[in-house]
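Listed below are the structures to be examined.
Look for subunit A in each of the two complexes below; its partner is subunit B in the first and subunit C in the second.
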Partner chain A sequence: MATPAVLLLIAFVAVPFLAAIGFSLYNVRLGDPRDPNFMGVEQYARIFTDPNISAQFLSALLHNLIFAAIVVPVQTALALGLALLVKKTIPGVGIFRSLYFLPVVFPIALVAIIWRLILARGDQGLLNSALAFFSGGAFGAQDWLGSETTALASVIVLSIWQGCGFQMVILLAALQQVPSELYEAAELDRAGPWQRFIHVTIPGIRTTLVFVALYTMILSLRVFDQIYVLAKSGGGLNEGATRTVMYEAVTAAFDQNNIGRASAISVVFFVIVVILSLIQRRATRNQEG
Partner chain B sequence: MQTTTAPARNINRRRLTAYVPHYIALLVTGTLFLAPVAYMVAASLAPANKTLAGFEVFNVSQWGLHNYAGVASSLSSDSTGHLWQFFAVSFTVTVAVVGLGLIVNSMAAYALSRLQWRGQGIILLAILMLLIVPFEAVAVPMFYLYNDARNTLWIQIVPFIGNALAIFLFYSFFSGIPRSIDEAALMDGAGPWKIFWRIIAPMSKPAYASVAILTFLTQWGSFLWPVLMISDPSLRPLPLQISVFAGQLPPAWGQVMAFGVLLVIPVIVVFLIFQRWFIEGVASSAVKG
Partner chain C sequence: MLRIKGSRRAAATIGLGLSVALAMTACSGGGSDSEGAQDGTIEVWAHAGQAAESEALQALVKEFNSSQEDVTANLTLIPEADYTSTIQATSADELPEVMEMDAPTMAAFAYDRKLIPLDDVLASETLENRIQGVTESGTYKDQTYAVGMFDVGLGLWGNKALLEKAGIKDIPTTAEEAWTVEEFEENLAKLAKASPSGKAVDLGEANGFASEWGTFTTTPDIWSAGGTLLKDGKAEGVINSDENVDALTTWASWKEFADPNTSGSNFPEGKTALTWTGNWMYPTFSEALGEDLVLMPLPDFGNGTKAGHGSWQWGATPAAEGNEDAAGAFIDFLMTDDSITTMVEANAAVPGSTSALEQSELYGEGGPLEMFANNLESACSSDDVTAECIAVARPVTPGYPTVTSSFGSALQAIWGGADVKEELDGAARAIDSDFSDNNGYEDE
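The block that comes next holds the complex of A and B.
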């Protein structure tokens, strides 16, 4: 009974994964009449040290790390804040629960295009108009996606908007598991809201918080769709300031037909994901034990 | 009477006023979360020259359905692809992946959790290991290995049927069902297939709902794989098409937003109908994953 699933997983996960390791050792190209040459770890050496190639790859890696360094704390904190807001069963709270979750059902390609228009440069974009309106014209129009300094930040904002509701729902489920007696006991001890938050809420959901943070970190490494849409579909995104590891892998494979290098990037990407997953497993297990 | 009701009413009033800051916080964050959605809807209804004209997009008196008529006529030839085709592709792919995935993965999970067979332990371990391989890590080698299947419908479906996370979620759910239930059925002479279809599967509706929703969300928004594999307009799924549509020159942003609204309506409808399952599905994927 397990046969169909096992065969599918072999054909579409296990074999491609082993092939990635294999391809990364050769100069594989699609439609190349010559047989691929064995290159050993040359592809890896190139993406990390060849001055013509490594700068681009290392900047992609850096963008993923900046992305993760900002998105993980900000999105987790925001999701926790929203979860606390919608945890109380007061009239109308269900509407807000759905509202915060709504962007999660939006395909990220669509999200990128909506935000591309909101962030449009000059006074055309909604954000620039709003800022000019509320500052009485003091705040000049920005080219949010095109400028080197704000491009990555803009992508981060739209990614948090789309993903936050997902984390909120997970944290909300954890918050509801914290026994209410603990809050009552803390209240009897005259603990204020902040003390209750630090001494009851946070310890009560620590395992889930760690899970959410590391899960968000892995998602941050996988970022591709929004960068690709904004850079390739007339979004005017500053490519140099936002390229990510997956964007590098896809452009190497698709635009440059360099399957060998793209595979090496995929393998490096996978190694980073595994390291983070292992940290995640260990962290959540320790908390439970 | 008065002495008892007056303090009670006081407490009620105090409770309500205590919620005012809470409601303000809900409304402010709610507005920020809703703003991009409101913009998309407004831009889809506003005249073409008002899409990128700051707040003018919200001028209700100028709204109409011309962008929706425009998108239907812009996407009505074989070179651009037909509007109905993009929906047909996304529907077919999503329904097939979700439906076949539920059957194949739950069968595998049942075999792993209940039946005794050779290699069971190794397969279970292998599936747990595959859980950490993100699709992004195998996208490039798959692009090369399955290049002959470019621009087909099946290459958008078959690779995503077998799913390690789905097997794992079913496995944890089935493992929580007492064995005495299937042993009793075994006594009555039922074989493993009958026990699975008649007893275990019907008892596991929550697991099926969670997996269905998670798969549906990922599949409806799927972008990376279609970018690599699909160039034929008649086989393009919706997220890929919206990026193509947004990238054409000169861009018709009002029509792109109308397309966005049409693209997201099916997911929002499904979300509103199955809201409880959505939220439980997301939460359970975290608790167990």
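The block that comes next holds the complex of A and C.
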């Protein structure tokens, strides 16, 4: 029964992972027909000790963690809020549901291009001109994507805007599964709206909430597209302030043709992700038990 | 409302089945392409650049196919932003017979055995008729690996009406008259006030300084300051030299006058007075600004004004081996004066053959873009930049991808306000470590 699944796992997970370990020990250069030289653990040593490469890798890892630490709670909370809003059966609620879901339909690369226009530096940027208009010119033009302080925050905002609708739909489905008798019973017990939310809604959708948080966590760890698009095609994104581990691996492999280092980065990242998933699994299991 | 009903599930299954079927036909369609060699069909890959340029190329391929019966060229256009990485990631046996490449990537592709020498593939007239710049950027280890239909120039374009409004009368037209950096900066301040956008110059920020554009557009600054990227395959002490640090500090300080130009049309619409870009924009600019368009040399940092050169060029891959005649016939056709003229009418580039250059209305004597042709006459290599030479080629080395990627990342960070010296030190270390990993890219 499990044979097809095991075969697929071997073909698409085990083989590439073992190949990555193999590549990371050699100086493999993309497109080079020559036999690669054996380098041992040099690539790993560089990731952790070389002043440039290690600084870049560690800052990339930090950006991933900051991204996850902000996006997971904020996006989940926002999605829950939206789901509660569009759960109401008022006329035209379908339009709102579609509108909130709409950004999910756009590929993140397209979203990045749209936000590039919103966040453009100078007076012509949509956000800058809107802020200048409402503050009567008191608020000067900011370089949202280029500045070290706002670059990562800008990426986080646009990512939440894009991703929120999907979680909303999942949470909406969960909310509709909560039996209405429970709400009626709570109302009879004179529970206020806040108490009903805490004691009926949240326990009713807890498994879905855990799933949504896990799913967002995984997406946050592999964040790449929006950063690549904004940094490489004229968004002027501050690369140093926003690079992520995936971005490091892809640029090492395809801009610098250094497959060896890209593989080493991937292997290290794999280990980190496994550790994070184990921690998260333990935490949620304790909660359930 | 989100429950999936039976009929929807059926529809989803059918949809999935259809998409799998479509994907399979797409794959089999792709697979048959590579067997072209036997029936006189050659595959050709080119970058999709400016619309007019791509249209001209499509017309030329059509003309080639109808001009004779032996060879059919099958053109595939690939978006410019992904073009080089597409070639890089394609193994040599899956490449088309003939492909285009950007000049500085040629050495890396030759080193990777993705190109074959053209000296016996092309007609000797084609090779002898090339202009100096094209010959140089197609030569690696004393063999011709690529030929270009055109070369390019980089210049400072101005809007005469706005220059006059700002009270600037001294408008340079030849390399000797180039503004010094101090003059340029004084003028930027004046022009920012005169320009409706409030910004004086579009430095090409919207193209992304982290991409090849960054290297192409800022290297004239460092060459003009007396610096360069690499010497004898070493970056330490070269790319992070004091000259380069000063030049790029100056460049980054222009940001307050620089137009981010997200709409892409501020200069032709007369909103910004200056733009720092190449000849390929001439058709757009001259149509929009007419008599108000002026072409100036880039500012002089002390070692004379400099300009980049080297553009898209054609080569044949190992797939063409055994079928060299067909590949050669196609490239020879592209390199005829008629084809070159068709192309340069579309992109306003410098014609790549001596005879086509002589006939050119744009680049011949007294033509509006004569400066670009003159710049190319005194071309030199990046290893040895003299005060006299104007057009400088980017380093011809298989390690160029790392050079441009490290330098581009540094540029992007410098533009964002990072420390110039630190960024260039980092680029130097990254480049040198890559060269030493690959034995200095020595190609036996």
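Quick notes
The criterion applied here is as follows: the second predicted complex is superposed on the first by the 251 of 289 C-alpha atoms of A that agree within 3 Å, B and C clash if a C-alpha of one lies under 4 Å from a C-alpha of the other, contacts with A are read in each partner's own complex, and residues count from 1 in each chain.
The criterion applied here is as follows: a contact is a pair of C-beta atoms (placed from the backbone, for glycine too) under 8 Å apart; a residue touches a chain by one contact, two chains touch by 3 or more.
Remember, it's a predicted structure, so these values are computed and weren't measured experimentally.
Steric overlap between subunit B and subunit C is present once the structures are superposed on subunit A. By the touch criterion stated above, A:192 is placed in contact with neither subunit B nor subunit C.
Judged by the touch definition given at the top, the superposed model places A:30 against both subunit B and subunit C.
Once chain A of one complex is fitted onto chain A of the other, the partner contacts of A:172 extend to both subunit B and subunit C. Judged by the touch definition given at the top, the superposed model places A:5 against subunit B, while subunit C stays out of reach.
Once the two complexes are laid over each other on the shared chain, residue contacts for A:51 go to subunit C alone; subunit B is not touched. With both structures placed on the common chain, the touch criterion links A:123 to subunit B and to subunit C. Looking at the shared chain after the overlay, A:148 reaches subunit C, while subunit B stays out of its contact range. When the shared chain is aligned, no partner comes close enough to touch A:203: not subunit B, not subunit C.
More residues of subunit A lie in touch with B than with the remaining chain of the pair subunit B and subunit C.
When the two complexes are overlaid on their common chain A, residue A:16 makes contact with subunit B while staying clear of subunit C. Overlap of the subunit B and subunit C contact sets on subunit A: residues 30, 116-117, 120, 123-125, 169, 172-173, 232-235, 254.
By the touch criterion stated above, subunit A contacts subunit B in their complex at residues 1-2, 4-9, 11-17, 19-20, 23, 28, 30, 82, 85-86, 88, 90, 92-93, 96-111, 113-118, 120, 123-126, 128-130, 133, 161, 165-166, 169-170, 172-173, 208, 211-212, 215, 218, 222, 224-225, 228-229, 232-235, 246, 249-250, 252-254, 259, 262-263, 265-267, 269-270, 273-274, 277. On the subunit C side of its complex with subunit A, the touching residues are 1-2, 81, 85, 88-92, 108-109, 111-114, 197-199, 205-211, 259-260, 262-263, 401-402, 405-406, 409, 412-413, 415-418, 426, 429-430, 433-434, 437-438.
On subunit B, the positions that touch subunit A within their shared complex are 19, 22-23, 25-26, 29-30, 33-34, 36-37, 39-40, 43, 51-55, 57, 104-105, 107-108, 110-112, 115, 123, 126-127, 130, 132-134, 136-145, 147, 158-162, 164, 167, 192-193, 196, 217, 220-221, 223-224, 227-228, 238-240, 242-244, 246-249, 251, 253, 256-257, 260, 263-264, 267-268, 271-272, 275, 278-279, 282-283, 286-287. Per the touch definition, subunit A reaches subunit C in the complex via residues 27, 29-33, 37, 39, 50-53, 116-117, 120-125, 143, 146-148, 151, 169, 172-173, 176, 231-236, 238-241, 251, 254-258.
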